[in-house]
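Below, chain A partners chain B and then partners chain C, in two separate complexes.
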Partner chain A sequence: MQGNVADRFAVAVAQGRGSPQVTVPSSGARAKSFSRRRHGRGLWFVAPFTLMFVLFTLVPLVYAVYTSLFTSRLVGGTVFSGFSNYQAILSSGQFWGGMVRVLIFAAIQIPVMLAIALFFATVFDIGMVRWGGFFRTVYFLPFAVPTVVSAIMWSFLLEPEFGPFTKLAENLGFHGANLLSPSLLLPMIIVIVIWEWTGYNMVILYTALRSVPRDTVEAAMVEGATLSKIILSVKLPMVRPALVMLGLLNFIGALQLFVEPSILASFTPNVSFGFTPTIFLYNTAIGNQQYDLAAAGAVVLGVVITIISVGSLMIRRKMRSVSL
Partner chain B sequence: MSSWTWDLPKVTWIEKRREARRRRREELERTTIPLRLYGVRRGTVVVVTVVSVLFAIFTLIPIAWIVINSTKTQPRLFSSFGFWFAAPFHFIQNFKDLFKNVDGEGIFTHWFVNTALYAVLGGGGATALSALGGYAFARFEFPGRKVLFFAVLASLLIPVTAVSLPLYFVFAKVHLVNSIWGFILPSMVSVVGVYLMRIFIEASVPVELIEAARMDGASEFMIFLRIAVPLMVPGLMTVLLLSVVGIWNNYFLPLLLFSKASLYPLTVGLGFWGSHASVSGDQLLYPLLVMGGLMTLLPLVLLFLFVQRYWRAGALIGSITG
Partner chain C sequence: MGLEGGQPGLRSVRDPWRLRAGWPLLQLQTLRQVPPVGLYYNSKLFAKYHLALPKTWAQFASEAATFHKEDPAGAFTNFDATDIGWMLALMAQDGAFPFQYTGGANITIDFNGPKQMAFANYWQKLIKARLVQTNTDGTVMWGEMAKSLDATWLPAAWGPSYFAPAAGNSMGVWRAAPLPQWKAGADVQTNLGGSSYPVMASSKHPAQAAAFSMWLNATMQSWNVIKTPPSSLFPTYLPLLRSPSFKTLTYPVSGSSHPNVVFDSAAEKVTPVEWPPFMTEVITEAGSMFADTLDGKATLNAALNAFQKTIVSYAKSEGFKVST
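Let's turn to the complex of A and B:
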């Protein structure tokens, strides 16, 4: 469910790196040369996108808030019920259980993945491994595999009866090993998501490392800095913004975890009704047909994620202004 | 309509590519410090190389597994060693089964065609809308421009779940559930596409060129079509690729929208087979799930290997400004 993390990063990177081009040329000379009517024509160009954006993004959001304030009853139809749906969601153990689970997931998966990605980005940047281009392509490959298919492949690999990894575990002496047992399911999802996203994160960090000027590194060398010193105090500070951004974007994605557990559910009975918040919402809306309740849940999830994103962006901006 | 002409530099596509590749190589040589200057010990290099190879193996394991196991019969799939071939070689039979007689009606072929249709229409639409919108944001100062752009960018922070689920509620209300347009039309909204196109146009469509065409009396739309679009091709390719891949991979929205199996895209179809196999115990579906997974990832992996440049450009927009 980290699908649009990639999209978001494209924007994040662009904001950081492409800013000189973003600024519109000062309008002085241009304003004279083409009239206000010409500028107005821009509305025709932007209209099709805006119309679709309003219809398929803004309208649903508003409608979700609206629906969440009503309750449908078998008898008596749909009645205004204020915040009762929100009360139900916020007091639901299943919703919070899922929330805690994705938080644990994020707390382990993201640091591990970023550490691996940063390690390889550094190694390839320095040129420590031959055929770095080949390795980068291989590592990036899972990014091209649809999430559903990677979940299916891993489901087969980990399947408790015939999965090759299960057999391997049995050969190693773990009899009756079940890699998808309640306690191992989450660690296995962590492995799957690391498999899917490390290469992508690595390529972004690699690009950030490449942009460290050669002179800066050489100056440090002349002063006799060791390799570890160059990495830690010259290169790492330069990629910190990218690292922070990746942390945030992976976090947003992690809170929406859906595809992997929902495919694994066909191979193990241990994916519960509220395994993750998104699975909870899906089951509430489609399984139980409780649209109003699911709408309230979607709003809660949206608000939580938006607060976290905006909050961390603001903290980051504050930190940057202090350091300047 | 166009009495004017404009001499664009006559550089062919291939020459441009070759030039770009040469420039990239030079850039790499210029910015790379020779390894020996770092004073890395030989032992470290060996250890790091071994670790890199191990991680490459980890990355390739599932892909190798799916290629190998697409050649097996159903009983062999479960009984043989997972990482090696097992006779009889059933690849062609599995392939035929997948596209022909599943459920007796070739439902997988249906899903494949659906996915291609959704990806082409949605991706084409997204690219067109992004090109028009990005051009407006980059080259016009229409009223409300800043507010609109801010609203569009801010929407990126809203999680997919919080948009897809309400979209389903709205569609349920207006009877767009189980309509292909219910999936295609929302897929045409690409906020990232608009953003990428804006950056790209600001970098590569000169204002002077537009001005000159205006002096010659060309209409705004003609200027866009004849002057801007040809200069936007690499940006358009990136947006098209990103949207096509995004639609090909989308699972959540079509899962919500479609309850008729004949409308499923590949992702939802495979998920459906998985749960159907586990509920009904129909073991014969498993080889098809493996082959179906391979057929779903193959087009994207090939696309990735052939136009890697655009993937990276999409991921790291910094490189498309050049």
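Let's turn to the complex of A and C:
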């Protein structure tokens, strides 16, 4: 029972994000009946997707791998260089320094954001506040603001000379405060990303909490469970799959952190060449004009993300089979 | 680039190195502006503290010390090494321009030779003694200037148009003067790159594009619009440069004074330098490699040493034969 509910949540979450990564474990009998049917007509149904997938995912992917095997020089032209670009990426302190930075970012930003999102989702779920729908919309709004726009807005808020938050810090006694200094830059990006994404995560968790069957909650109440007991021991375990899924999706997003630091770079010199892996790729391709080296870096980043995604999916599957 | 022997207008582009794949070959380009660098000083502060207009860099340093003694919160000027184009202009005036390049596969790169280290020593001494600030160029620096905390400014001729919106109470008090000299009595000038309007080989209407480019950058009709203050573009179009009406233009930040008299005379004395064909890389790397000089974590000398390594290894990876 619990497992089925959990699966339904996973599907809901996956559909909410438009992500095809999660497959629904369906019952054996149905699966078999599908496979017995003829495939001819089915091909037409998948053709549009397959065509788009090949054109806009597979071809660019293959082209990136192909490009990464060459070196184009200002003097001497383009030559096949085997894996030398990969060697350069694998031994690049800047690339891996950026990787470590986004891991630190993820380790702080994701738990804090999910905790806040879960808190508000619970508050709305138990109906403690009036105007719940209104506030849910308000909290969701930052997600509707394009990332570039909110990054620019925050940049002006944090700007070291005229930014109101800087003034506030000065009024609080921090003279010469620079919120975009090397040590404060990452914490500020964490704040910005939490602001942008908490509402979105909250809505997903709220939906998951609403989907907990009423009978289960009523049964717990009949048994004399307190509100906190219901929240912590009944509802929370049932939305755990949604939490894990959000954790994973946010983690993949964190590894690709780009917009916020690249906008902030116009306001502070402290966004270094390899501040995040994607910033590194951008500067390598656009600044240094080394497209082939950037292609190799993109492939390495893609492999890292794939390993983490597949790895965590496998762990989740294993955990689920144990819990069932 | 330089003033091309004083001849504005058409300049055909040599093809000294293989243009990267995908870069359209230029058909022609017209120069728009090549701005000399000058010294702007806050005339109110200079009068208040009886500061002398520095004719040499040695005098600049001693006036800086005087000013700092009178106003411990103030600094004589701002030095932002991450603005590498600007620093290269100052280095060129000191005979310490780090590149020698005349096309082809050979290039000399010297960011840490004796001349360059002497240049770094001079500024590092002023920075260390807090006679010079190290804010980022742009809003932060202009904020200090507006509050009369920076007594001088070393911009390209077009600088005032960017500063004007931030000038605040300092509006109108700034006066232009020639750059201080390294040798007393010398007249060595420098410029901050420049800009041009190219017509690409891929252009569908090259003749019309060329005609427009010519009209825009090399006719009085066009410049009568472009030169209008607060714009302070410094043209390469000689008929305008030599017209009395250009020399007597006034700008909001410099009150009733005539800065173009100073810049026009400087433009005549500039010794052109040859830029390397990979300035985008130099600019991209400099943004983060000199960031530590801004908050005092690294000396200019140390940053130049590290920068030398980075640029040399980049040039080599691009197939150049590098001499240092």
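We adopt the following convention: the second predicted complex is superposed on the first by the 270 of 324 C-alpha atoms of A that agree within 3 Å, B and C clash if a C-alpha of one lies under 4 Å from a C-alpha of the other, contacts with A are read in each partner's own complex, and residues count from 1 in each chain.
The definition used in the following text is that a residue touches a chain if its C-beta (ideal position, glycine included) is under 8 Å from a C-beta of that chain, and two chains touch if they have at least 3 such contacts.
Just so it is clear, the structure is predicted and the values come from calculations on it, not from any experiment.
By the touch criterion defined above, A:Phe162 lies against chain B and chain C together after alignment on the C-alpha atoms of chain A.
When the shared chain is aligned, chain B comes close enough to touch A:Val217, but chain C does not. In the superposed model, A:Ile305 lies in contact with chain B only, and not with chain C. Contacts of A:Asn283 after superposition on the shared chain: chain C is touched, whereas chain B is not. In the superposition on chain A, A:Gly98 contacts neither chain B nor chain C. Contact with neither chain B nor chain C is seen for A:Pro261 once the two complexes are overlaid on the shared chain.
The larger set of touched chain A residues comes from B, when the choice is between chain B and chain C. In the superposition on chain A, A:Val271 makes contact with chain C only, not with chain B. Look at A:Phe120: by the touch rule set out above, it reaches chain B but stays clear of chain C. When the two complexes are laid over each other on chain A, chain A has residues 161-162, 265, 286 in contact with both chain B and chain C.
Against chain A, in their complex, chain C makes its touches with residues 17-18, 20-21, 82, 104-105, 136, 139-140, 143, 277-278, 280-281, 283-285, 287-291, 294-295, 297, 314, 317-320. Residues of chain A touching chain C in their complex: 71-78, 159-162, 181-182, 265, 268-273, 275, 283, 286-290. Of all residues in chain B, only 30-35, 37-40, 44-45, 48-49, 52, 55-56, 58-63, 65-66, 69, 77-79, 81-83, 128-130, 132-133, 135-137, 139-143, 145, 148, 152-153, 155-163, 165-170, 172-173, 185-186, 188-189, 191-192, 194-196, 198-199, 202-203, 207, 211, 214, 220, 224, 242, 245-246, 248-252, 255-256, 266-267, 270-271, 274-275, 277-278, 289-290, 293, 296-297, 300-301, 303-305, 308, 311-312, 314-319, 321 touch chain A in the complex they form.
Partner chain B is touched in their complex by these residues of chain A: 1, 3-4, 6-11, 13-14, 17-18, 21-22, 24-25, 27, 30, 33-34, 38-46, 48-50, 52-53, 55-61, 63-64, 67, 116, 120, 123, 126-130, 135, 137-150, 152-157, 161-164, 167, 195, 199-200, 203-204, 207, 210, 214, 217-218, 221, 226-227, 230, 252, 255-256, 258-259, 262-263, 265-267, 277-278, 281-282, 285-286, 291, 294-295, 298-299, 301-302, 305-306, 309-310.
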